[in-house]
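See the structures that follow.
Presented sequentially are two complexes of chain A, the first with chain B as partner and the second with chain C.
Moving on, here comes the complex of A and B:
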């Protein structure tokens, strides 16, 4: 000890020599290490890397968190069952801030820096629309769970697919007959003022008209809005049904203020559950919603006739019978949408197995294998229900649920058929080169 | 909806906006008036007030009013302490140089926002209103709590006015605002006054946030819009003028409510921004501000 203090020179020298020796040993070991050789010879044991473009922050954070939980649950099951093509699946998460520009950067980062096999998981339609061109340019498959009509419309590109959740156009087409028959004929729409809202704005009116109902007013509200009462006087007095769909951090305010405005003396309400996704439906101020109806992709509350697959799915993701996190009843999930992550991952698995996917050089084969899929059977891999897939416009079509809020719970009162959501498909991505 | 009730609703909405805006802009105006510091982080003090309100209310069980009142009492104190520390640790060391403090408060903005994101998370979380009485007009219902915000804000504004014009603290603050060096020569501890004013400005923002959080929920990005509106109010009213700030807040808030309700919120923002440009061109000191000495 004293030696070192009084004479630090040799000590430093000794350390230097050691470091050099270590360095030499390490490089020699690296060159000759058996592990290294084994890895390069059997590349197929390396994990399949899926880049998860996640709304961890920004206005989509509530969705992002539950998309992540669902993804992790599905990947765990896939890996426990032997992975994909015998290789484990690894998820690499990047936060896109629910921002279109950042979204495109994240896709580029996955392709060039993380070198992931594919990109997956985006919800908000403006992020998808902003990111898809980058995915197309870099020729990296981009599987989204967004519901917007943008993929199905043909406006994206061949590398962009949506095989796990029905698009908005099909959703509104399938629920319109029910609205016209049960809620009322004069409909006022309230929707967010951006791409996703425009799908509702453009496709609900023709669908209602075909059923003898009409849209008498359309009110667009920016998704970043924090105060809503000022919009409500625009609702015409003769309105029989208010059709509402809102997103963003202030959805609870939106519904509360609607309640303050109308009280129990309200028109019929038909909402997309987006207006209350991740929000406790029994929050104070929401009592007026009792008896109103909601669209749900997958029901938030456990239903008496739930399939075994649905039970397995709910248990794996960790949500209780009320659709909240197990152990935290205040942490309400985004159940109506997040099943799409689960199902998309299983579609990716199927397509990778069909195409014998080995690595990024097989990306084109993966797209073709996905396009070749036609239907998904209800089961553990597709707990929301069976679906058909159109390889031309890269979109799947499934059943939708209409739930009634009664006694503080959402009970499914109607389930649409896949045919209810049918529309003429015009897009064909398969004509684009890969 | 008929014109009369429509106008009533728009005015009520505008008054609620004005009430919150006046408190918040007053804080910004005070800090600029006394310290000549343009506090870009003011919106984050607002956000911090709301986030702390959620945290405090979630710790308190029982009637929602208890949690709300606890938040109203404690949250501004914590925010004030944070601002006090920021003044001592950052602004004072920059000698309150205008350019340096702008950059420093931008930095403060990001630090507070990212800390909120890290520890509070990206979710929007509600605080229950202390009461849920719904006022029933013949044409529409309106939240009684929202009306109470207007009254509370008016009381707080009167109280602030009283403190500034009728108390020794206010005298010391005004003296510092009028002439820093002379005030110091007369034995006024200018450094402590600065720290106190910065804390007070932040506390006003935090109070505004606690009042509004039962309506809009706490979210880590909620500070930006009120900050922009506060700047608009303060520029129109005249930096450092209490009366100007309140009048401009009323003007901007009510016109925002009315234009939003009859036309669109975007148009309301356009007009408010245009008003700022006009004021800057034709009356740079603001409606009630005095010309630069």
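Moving on, here comes the complex of A and C:
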């Protein structure tokens, strides 16, 4: 908190020890309760204040920590290059505890206490869904890095945007042709029985059907489950591919038990890396995954054909060739997702520059400027790859990576086209008033 | 339900709190104004919990299901059935009343630790049902009640629940109604029977009171108040999700009541307010804020075992209800 407090007080004060002590105590009290203090209006050189709704605690803490590192790295580069509209960027972090209720409170805190220009950075979809109504009511732009289909579906509001990471529906649609062509035609899905799993449950079957493959069983695992053996007999014998997605913190148990169930004669495995983000892929118990394939938004391991932009990005964030923190190989990053923070910040920068953003009075112009964006070219600002943006449903679309786990590393074996991830867009936020 | 007349100073205190909260509507900065609206609703949740825990001596670990029953009763009827906001509120309250009656009839067959476990298990069932019926509830993502839905006419009177002042005043109205209803209930013969059950259930039964019926009434009253808070929360803040049915939302009202003072009418509000700001302020400075919250709770239990208002009542103001 760098804000100064201007509180002149009575004109005639007797300056004795008691008065000074009272003054110090009062100042400390005010500093501890910044909401009671009016912040000075943003001046032309005052920082652009971005409220970062961060999962510092709760189930999303591992993601939150790397989202924060990526954010700080991108903001440093933006500020070193002159900031946005000549103004430095300041990040104000509040922990939402990965909780929907607290998320809404944090958005309100950014808008009305910290007086940030925008709110940004949320990952978990239930926090986004819980917070979006507050952002809409307070008319504060809310740029999320969540990958859920919630924004693209039209269920949020005009102030909620996702321009830096693709949505799950698009990801699922993108990888379906590769699965059908390379892994097998008869697919059994194992997914968590909560929102993240539902996007897979709902959108993989039609995407596979369009490729001549089919989902022959869907096994939903309740969120409270810690052992999975009893679900495996439900997997049909003719299954050619097991499609598995995030099963929560119990992923190691899941993989171990799946290995015990199948032994060496298993179907093909295709998974979403989400369950293994921030987890060392060479952890004991994960050997069973060797030879299987994963979706990755951005590759965890450095690839031989990495672009210069990708190298710049990895160096700036501080991850080594194995996707772990430089100097700490055990601190594995959430590489498949955290690039979204970097890219979202550059989208915000672009939209603020396009709209000539000066302060909160220009928030509506900022939304319109973001909606007017149509494509992002691959480069230092978008190191994961080029993307297109749909201003109507506030969602970007891009490339996905399919990686094979071999030799203790994830090697990209296929990169989808942007068109692979397209689906019919029905939502149109631009019809909503600002 | 005979009630002894309220002594003037008790009446003045409670009316004064409501008047103070009303006055704060006009002076509070924007953020704290919004916080207080939330805190008032959450403290209604705590007041409901206090009826059962503080006055009746039944420790439930499943009250999130009553809050969530109101939340979903209101949210789903408005979202899927297109009911009006007042009808949604009524539906939420009715769901809470029905659920608490059913749960009370079953859970009250147990006592003590078993009661805690049974209520927690029922709440867990409710929580998982919100996922099982995710097609309607949206699961953990939940459902959003759009701004358009929450702007409506009651006769010729326009109400906009997305307006901060309207929201604050409605939260205050619900808070005030529940506060005085609680005050009247706990000072009535019914409330005294509940205290008698808490102190010695066998003796209360020996004196001729139907303790099961009184405890059931306490569960229903408690659950209905909690559901009222949940229904109002969904409608005023536009969101209903399974988070609110999770186990932490069964623990929170217990903490709020313990902090503020069990079996005190204003304790739940003080506890909720205190806890909210401790988390709000400390989380701005450190991610280890739950550690600070934990230390604060330990210190309070050590030095104020009866909670803030409970200690004040024990030491200085025995007349506090």
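The definition used in the following text is that the second predicted complex is superposed on the first by the 387 of 434 C-alpha atoms of A that agree within 3 Å, B and C clash if a C-alpha of one lies under 4 Å from a C-alpha of the other, contacts with A are read in each partner's own complex, and residues count from 1 in each chain.
Throughout what follows, contacts are C-beta pairs under 8 Å (C-beta built on N, C-alpha and C of every residue); 3 or more make two chains touch, one makes a residue touch a chain.
None of the values given here were measured: they were computed from a predicted structure.
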Using the superposition on chain A described above, determine whether A:134 touches chain B (first), chain C (second), both, or neither. second
In the overlaid three-chain picture, which partner chain does A:57 touch, first (chain B) or second (chain C), both, or neither? both
Which partner, chain B or chain C, touches the larger number of chain A residues? C
Check the residue A:222 against both partner chains and state whether it touches chain B (first), chain C (second), both, or neither. both
Considering only touches as defined above, state whether A:253 meets chain B (first), chain C (second), both or neither. first
Which partner does A:156 contact after superposing on A: first (chain B), second (chain C), both, neither? second
Under the stated touch criterion, which partner chain does A:409 make contact with: chain B (first), chain C (second), both, or neither? neither
Give one of first, second, both or neither to describe whether A:263 is in contact with chain B, with chain C, with both, or with none. first
Chain A contact set shared between chain B and chain C covers 56-57, 222
In their shared complex, chain A is touched by residues of chain C numbered 29-32, 34-35, 38, 124, 128, 131-132, 134, 138-142, 144-147, 162, 237-239, 241-244, 280-281, 283-284, 287, 289-290
Listed in rising order, the residues of chain A that touch chain C in the complex are 1, 32-33, 35-36, 38, 56-57, 94-95, 97, 99-101, 104-105, 108-109, 112-113, 125-126, 129-130, 132-134, 136-137, 148, 150, 155-157, 193-195, 198, 222-224
In the complex of these two chains, what residues of chain A are touching chain B? 56-59, 61-62, 64-65, 222, 225-227, 229-233, 237, 249-250, 252-253, 256-257, 260-263, 278, 283-285
Of all residues in chain B, which touch chain A in the complex? 1, 5-6, 9-10, 13, 17, 64, 117, 121-124, 126, 128-129, 132, 134, 136, 140-143, 215-217, 219, 221-222, 225, 257, 260-261, 265-266
